[in-house]
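So, here's a batch of structures to check.
Both complexes shown next keep subunit A, but they swap its partner, so subunit B is in the first and subunit C is in the second.
The block that comes next holds the complex of A and B.
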């Protein structure tokens, strides 16, 4: 114990007070930092702040005016994401163990953080009254502070002393995810919050027993948590099944598409059409594909393969111009193209199996998109663009990254291509997109794109913004990835050529994995930038998370009256942004460490 | 069949797909021809009205905690929808910033702009817009502290040597510089991006005067001035800011619909017809109301392309001018009495032509 203190004291002295200059610096910055936090806490705690402006507007913050009866769509999207995440964590479960001492140590550190803030929190804070005079009031009395300090100190002491006991165990690091998720889910069952109610004169009253969080929030989160848990175990159980990994990766790729059409479209599905026409068509083509995959390398079939292909294409041509349902037409086209690819891949039983999966997924996606995604009837939000708030921020960030990352890879490869046309086009796209500010592109999406498009063709503003965003961050991704490509020694290309790899194999198996690995930090920082830049959509009248806090809530006058309370909201918004970007960057640091980046 | 055949088949299919595309394009062209509709037909075919409103202006455009809209401007959007569809809820609001409002209107992204927009000569003539009847007569005023020796009877000359906060890039900034220059007052102008910041600076004592449209000042004084220390002056505003609906200038039928929606609320106010008592109006004794509400004779409305009871629906669902005004603006401390927004019979400017 004494050794430990001595060791810490010595390192403290070495790093902070090694010379007169550094001592002065240490003291000065400590003073500044403490005062900064004191000021911030004092600001947050004075009585003129109305934190109900944040609490009361949670729904607005999350989904803006998305209709309440369709919330199930949002919940399903969130739930599906969690289920997929659970499956993936289960399948790629790593065997790393975390020592108990590490966990306790992080508890101890967290406790120390709370302790620090409790100690430095100001007793008195002042704020500017409406007449310009400074009003000082007590925000944290000594009694309250002691009441807070004692449990925190006990908490810290317990987790500090635990390391001297024999309590020693290890936890799988993937299992820790539950703990992180369990805490907030458990918390929402116990926390009670003040809500605003109005009396007869439309005056604000706060009902005395604080209200628990509504069941409409608690139950979906609990269900999602349970589903997550279940899918984690299922993932662990099925991790050894072949090709399940590629299926999950594919699902991740299709997920945003699904969520997108789920949230925007509300197809009018008639059961008679589904049973009478969709299902038979779907089953027929599934069977067709299955037969082709199974028998394509059969000697008899091989003999007549070209005839089969010719007939299929003829059928497709006839089908496209006939009065067949749209689904049948597209399926015909799909099977014709599919039949061309099949013989090359369907050589082994493994190849056949993965082909079958690809075929099934392609058919399901197609059916879904035709019936759901392309339906004319969307969600109707009374009097507003479909949604805003945090969902919009999230949608722009995630969908933007999802679309722009593959686009960036393609553009980067194209820019390095030996074919001049491809190179010129890709370079042109990259340079054109990058040399115009993002805000200008946003204005382009909002104002100009509508004029360019032929009348009658109309995209939702959000879709237009997504298109522009995909190209913009795609160009940046492309430049980052090009940097990675240039770091690959020429020998790698030559070696791949030497063992007779096809260009596709060379890029996907040799070059890209190395190139991407080299630029992970810049890619993550690009993704974080895209997440934060999504707040710029405010200038074209979309209500993202930040705008709701900054402009909307500060204007709510009758009867709740939050006019002038935009600072509380801005602090809340900043904290939420910080939590997400910080988590993202910590995760990427872990990935870098795991890949051993910068160690060779 | 060899590889060549397969390739040629592929090419053939691509050509076919391209052909399919051209048929689509033909369809699009047909749509273009159909798109030469009047605004009213377009709105009716779409099934809802697209109304451009502000991104946030206390009392005029507000978004509630469930995302619902309310406010003076919003109510006029509802009123237009009630006139066109008989159902006030068939509106889609587009929140527009000051910079993009006119472009959005001319690009057809919105059908009507009701976004506390000041009617000026250049906006009316140069931008391809027309302005409807003014729904709110506003004017720029200044707000200072009584403790600084200012009162509601102060004039521009009294602000000599004071720091004035306002938001940049608007006519507000120009007006105050011009006005102060004319009376020979030297002021220190502090410009910020949004009015909310200007008020924050005013509260923090970083400026002695804050200036914007009178409605905004009164609204903030009602909320923030607990000590009755804030005075708004001069009595007659330093600028005229008539706010009203704006529409594209090439469609007079649509213009008439908007104009008469506003007039209908004003006429209903003149007769004292409200949401509550509209069903007990004696139309024989008040033939003008009978004509306006389509009870005796709905020809006036059907000639405009609306249903005979279009304006009945407006007043029944939204209310008359006085109701709209008091519902949204009285809680902020803005009243009609004694100002330009009073009835014309009571010395104000709110006046409507007769419905005949």
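The block that comes next holds the complex of A and C.
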């Protein structure tokens, strides 16, 4: 053990104090870092800060003014997401093991971090009083500091020395997820938090003893945790079922749409309209697409293909300007496009089957969106938008990456396509989207977009914002991916051709995986940008996470007065943003490493 | 019965004519070696046979199917014809095993176990069964080329095309690849091999052809080709290369 410490000390000395210059640099940087954190901690601990402004507004932060009687929708959505996540982790469970020493080491490091802050925290700090004078006060007494230091030191010592015992085991790295989730869920059952209440004179009081967290928070999270656990085991059990992986991937793709219509729309759909109009239209176009797919290799169909296309386009044009229901019009546009695409892509029997699935899913989604989108929302919220806070930021982030990512892939492929019309359209979309600032697109969504949509179709502001966001980040993704595509040597295409792969197989199994791998760092930074840029929606009157902290709570005077406490909230918001983006970039580093295995 | 037949095949890249009317036949089980100076159109010609390049005039008939723009014919022919490239072109993101099973699973629609069995069989045949779980980047050039041969053979092709399979290899690795090819030739596979390895041509070729400036200059048995060539162009070529 002594040897180990000596060795570490030696390597530290070599890396930090190898020369006069580097010693000076090391000392100066350490001094700056310590002082920075001292300042931050002192700032956070003075008595004029009211951290309850953060703690007591969690609901506002999460969902803004979403009506409480509809919270079940939010919980269901979160639950569904976790169930899908559990299934996916179970199905894709990897066999990688994490060593116990690694786990202990990370605890030890975490303890060291806390130790560092406890040691450097200032005893006295000053702040600006109401009259402009500087007030200095004691923020951390020696007793408190010692009371903190001793347990932290013991904690560190335990996890440091544990590696010299023969306690050695390994944990499946997928199973670690439960540990990470179990901790917070267990914690909410024990933590007691100060909760502000008002007395008769509207003075705020904090009842003693402190109150536990409300059941309406604890119980749903616990249920979700259990459901997650269950679906993990189910996932492991069903992982060998044929096409289960594609089914789960497809569910992930459709999940945002479902959640969206649940939380946001609470659509009031009349069954008579669905049965009398939607279903027949849906069936008709499903059959049409099916016929096109079936007969695509038929010589008679091939002979009259251009006639067929002409008639379809004519029908589409006539149909769009007629009094047909919206769904029929959109389906007409879709079938025209589909008829152009089908002969161009794979027409093996396997290809035909996947084409049919794609067609059916497209139709279902379209019907769903149009019916849901055109119906009135059953959710009434005071104020302009339906929900805000973290849900909104999260939703925008998900759309900013998740929906726009496939869009980006398609746009990138389209831009490289041999068909001039597709290439021109895709290039146009990309260039148009990228050449205008995001804020302009937001204004476009809030003010102008309605003009471009067909009469009778109205989307809520959030939907419109999501639409432009998907395109905006999609365009950036597309350019990144195109860069990746260009880095794939021609020989890869030829090798795939030479073993008889269809164009679709070639792209999805050979080209895309390599192209994406080449651009993971840029893709992640695009995703992080999309996540952070979502805070710009405040400019068109939506209440994202940041706006809640800065503007809403900073100006809140009823029921509790928090006016002027926006700094605490800004720090909180910054920390939350940091946690998410940092996690994302760490994960991407891991993925990169894993994929780097096959690097030439 | 000839399995490959070409009639007056012509091919232009823009204004430049790379093939100036190539007519030839390959019988089933025959091993054909194609040689000629760099830029003479050898690669272009064999790439036309599985439609990696499109010829503009003339006819190419492979196993009774004429090559046209019809997608279906192209797919049918590509699954009959295996190809091995100068630069291996293995898929770097997949393991050796996955490289070999990919086409069986996705194109031939075989199940995984069956394709892996076949892949192991082929890896034994090319002599590197122990490398199955490695990535191409972890193998030597000679090993990579042997994996590429196994990958092509996994489709159970009737014809194998080789485009200078040993030109990118260090001398000590050339032999291991040539040995695999010789074994393949003796097993009765129809092969067209573009190569400058004259030893290989002498040992296993049934016929040798010389390309020059997009034309088929000489077509002969190996003995005649090396000892008693018909054209002066062949004599010049042989004097340069030997």
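The working rule: the second predicted complex is superposed on the first by the 471 of 600 C-alpha atoms of A that agree within 3 Å, B and C clash if a C-alpha of one lies under 4 Å from a C-alpha of the other, contacts with A are read in each partner's own complex, and residues count from 1 in each chain.
Here is the rule we go by: contacts are C-beta pairs under 8 Å (C-beta built on N, C-alpha and C of every residue); 3 or more make two chains touch, one makes a residue touch a chain.
These numbers come from a predicted model, not from an experiment.
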{"item": "Contacts of A:357 with subunit B and subunit C, given as first, second, both or neither", "value": "neither"}
{"item": "First (subunit B), second (subunit C), both or neither touched by A:236", "value": "neither"}
{"item": "First, second, both or neither for A:447, with subunit B first and subunit C second", "value": "first"}
{"item": "Partner chain in contact with A:499 - subunit B first, subunit C second, else both or neither", "value": "second"}
{"item": "Which superposed partner A:513 touches (first subunit B, second subunit C, both, neither)", "value": "second"}
{"item": "Of subunit C and subunit B, partner touching more subunit A residues", "value": "B"}
{"item": "First (subunit B), second (subunit C), both or neither touched by A:78", "value": "neither"}
{"item": "Which of subunit B and subunit C A:227 touches, first, second, both or neither", "value": "neither"}
{"item": "Those residues of subunit A which subunit B touches in one complex and subunit C touches in the other", "value": "none"}
{"item": "Partner subunit C, residues of subunit A touching it in the complex", "value": "297, 347-348, 350, 489, 491-492, 494-502, 505, 509-510, 513-514, 517, 595, 597-600"}
{"item": "Touch list for subunit A against partner subunit B, complex", "value": "56-57, 59-60, 63-66, 68, 128-132, 305-307, 309-310, 313, 316-317, 320, 333, 336, 340, 381-385, 388, 443, 446-447, 450-451, 454-457, 539-541, 543, 547, 551-552, 554-561, 563-564, 566"}
{"item": "Partner subunit A, residues of subunit B touching it in the complex", "value": "1-2, 5-6, 9-10, 12-13, 16-17, 20, 28-29, 31-32, 34-35, 55-59, 61-70, 89, 91-97, 99-100, 103-104, 107-109, 145, 147, 194, 196, 199-200, 203-205, 219-220, 223-227, 229-230, 328, 331-332"}
{"item": "Residues of subunit C defined as touching subunit A within the complex", "value": "50-52, 71-72, 75, 78-79, 81-83, 85, 87, 89-95, 102-103, 106-107, 109, 135-137, 151-152, 154-155"}
